[in-house]
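Going by the order they are written in, the chains are A, B and C; count residues from 1 in each one.
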Amino acid sequence: MVAVNILETKGLTKIYGGLQANTDIDFSLRRNAITALIGPNGAGKSTFVGMVSGRTPPTRGSVSFEGRDISQLPAHKRMQLGMAYTFQITSIFPGLTVEDNVALAAGRRLAHDKVAHAEKTATVLDRIGLKDRAGQVASDLSYGHQRVLEIAMGLAQDPKLFILDEPTQGLAEGEVEAFVALMRTMAEETTILLIEHNMRVVAETADHVAVLDQGRLLASGSFDEIRANAAVQSAYLGAPADV
Amino acid sequence: MTVSRTTALHFGTLLVLIALFFVLPAYHVGAFSRIMVLAIYAIGFNLLFGYTGLLSLGHAMFFAAGMYGFGLSMNFGGLSVLPAFAVGVLAAGLLALGVGLLALRTIGVAFMIVTLMFAQTFYLVILYFGEYTRGDEGFIIQQAQRNLAGIDLTTETARYFAAFTLFAICFLAMARLVQSPFGKRLVAIRENEERARMLGYDVGRLKLAALVVSGLFSGVAGAAYAMLFGYVGASFAAVHYSIFPLLWVLLGGAGTTIGPLIGVIFMFYLIDISSSFTNAYMLVAGVALVLLTLFAPQGIAGTIRKRAVSWLP
Amino acid sequence: MDFGPHLMLASIEGAVISAILVLTAMGLSIVFGVMRVVNVAHGEFFMLGAVFAWAVSTLIGGHAGFGFVAALLIVPVLVGCIAAGVDQLILKRIDYDVDRTIVATIGVLYIVQQSTLMLYGPEARPVAPPFNTRLALPWFEFGADGFQMIWPWGLSVTTYKLFVIIAAISVLGMLWFVLTRTKIGLIMRATQQDREMAQAFGVPVNRVYSWVFGLGAGLAALGAVLVVPIQQAHYLMGGDPLLLAFIVVIIGGLGSLPGTVIAAVLIGMSDGIISVFFSPTLAKIIATFLVAMVLVFRPQGLMGRVAA
């Protein structure tokens, strides 16, 4: 039997020099759905996904992935278990071609099988719309295309869990549209944890929303439930809860 | 298509090196024997610096480990050429493993200084055990001992083709290695270490592997130098010999297969010519380093690749 | 000589080494602290200081004192200007990129060293000290007659060595004053903290960098001017000070000035004492290896703090 939740955290806490960035976060992520993690600036969203992905060592608490405690695993081992991660600030291999970027992402699992590797790379490039630019050096791409490339690198890993840290930041209107469409197709094959500022994107894609405020998990539920939640409104708007 | 062009370039290079033996005057044949051995050293350095993006300022210790491993095991252990060669290469590999486990805990400037300091320690150790190593003065490996299966390695012809064979093996092996998944992963680390890690690559282990392979190649070069030129001395462990491979690779083109050879040829003749005018021949090296960082950080092959021949491996 | 007086003699030698080292290492540390670059050519600026000191005192002639004072005034400024030129011509153009700066300064190292070999030659040349009176030192011990003061043969110090120690302390004092109590120091600290912000507030960052690079080289040259009456000027003399200064800066914590001073005294004293009692090569092996290990396991230095 496959558990409903792919990822769970218990009491996850990060303290930076006396400052509590995350406090006792108990979080569970439902399989094969898009969950958006929202919250005002400085709410601790990046710290949280940092601890989930293994980039940030937690002060205390545990993370389990597919029922296995991964708290002690370094980041690369977690990725090997089937996570993928896109950075908030675009992070690609600037000096390599678009194709090589994607091939490196696919190559961790497929490098021993040349045919499958090439096939996977080609499929992802085609799907993401970068096929015509396969030979271009990544640093020559426009900002929007670089962001798309990074998502392509995530896709090429065939992740079980795909963590997207503010993927639409800095994208133009039309690019956001395309991204929303892409997200919907991705949701059919993987679980997505999306950190997002753009509420329209959240409304259009997320099955489930969790709100982080001042390092604590404030609320979670469907988008409509969250929108109606008084505490969330107060966190976002700074207004008293009874307004 | 690309593969065949690359292969053609590599085999073409080797053919030219064979042809040079028949057309060059004796002095230059000797020079090219030396160049090919030093180019193996540069190829090893290039894997770490050019492909992985790690700048070691202490590679002379690996070269010297190969050289002393060969020389000492012959003179004191009574080994013949082949086992002694293996000892030299193994010594360099083990040293690289040990240094890597420690030095790779650091990054950036600290890595450069740590490797520099380890190499300096190694150099001083050679001087300290002067009783066996004869320190700066060094020692000679007798002509009679430098004999491989009946071939006298001290003749000009045998020396040239021994150097050529070793160079060809290392050159082709490295060309293959950098095109392999392992090589691509090293380039990924050079380009963006954090991204490589977040793709699930064990960056620490890859870097260690790169350092060990790089150290092995340097050891091959060191052992080959002792074998073919019959001399082992502490000056090959000194800081100059850590700077030289950097210079060669920068000049020829870091991260290119052909760059190390080009760099060694140019630098060898530059120093050769200038040392006939002045004893301050290292001035050329200094000027070259400064000009390269200022105007051609990609070196000769790198610039050719950028300007004209984009497929250059 | 007994162990006690011997140790005292070694300590004095150590103090002189410390005095020179503290100036050289301070130069390296300030450059690293403010500009965040490692100047591998630092030892060559030291060597230039020594060679120029010889040149100046030879040109001036007359009493050794004139030449020495002239060298003390002119040479650090001259070397500082050369370094500032290097900064403008090379480092500025590669935008102080950490790796490329190291490669470029290795180049500068060879250029300076080999040019000196061409123009000055391979000889080691002495500079006469301005004064050099030998002062015998007393030693105290409990003998058969109770507590007494004796004057062991060979236990002495020259006035010049005392002068070196005092001079180094004075220069350090002035440096401390400039860095903490003047506007120049404020500008340097502002540049160190945040280059872009300093620029936005009208600090001419590029010029500050040239001054800092010049100051760092000038300090090394000053140390060298002080050392040439003890140690002769030679074109290869830059290697050891570079290595020692590196060690000091690493032990003291990269860029930490108080740490640099403490480490310089520590290293200088132990170098002086160890090399009197042990084989200098073995001492160097141990020192170099330990420093590498410090960098591996405590990259912030023994006295530095962990960055947040």
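Everything below uses one rule, namely that a residue touches a chain if its C-beta (ideal position, glycine included) is under 8 Å from a C-beta of that chain, and two chains touch if they have at least 3 such contacts.
These figures come from a predicted structure and were not determined experimentally.
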Most remote chain, CA-based centroid, reference being chain B: A
Most centrally placed chain, judged by C-alpha centres: B
Separation of mean Cα positions, chain B and chain A [Å, integer]: 43
Length of the line joining the C-alpha centres of chain A and chain C, rounded to whole Å: 52
Between chain C and chain B, distance of the C-alpha-averaged centres to the nearest whole Å: 34
Junction residues of chain A - those touching two or more other chains: none
Complex interface listing, chain A residues touching chain B: 53, 55, 75-77, 79-80, 85, 87, 91-96, 100, 103-105, 107-108, 111-112, 153, 157
Chain C-facing residues of chain B, complex: 55, 57, 102-103, 105-106, 108-110, 112-114, 117-118, 120-121, 124-125, 127-128, 243, 246, 250, 278-283, 285-294, 297
Contact set on chain C toward chain B in their complex: 38, 90, 93-94, 98-100, 102-104, 106-115, 117-118, 122, 243, 246, 250, 279, 281-282, 284-285, 288-289, 291-293, 295-297, 299
Residue numbers on chain B that touch chain A, as the complex places them: 181, 184-185, 187-188, 191-192, 194-203
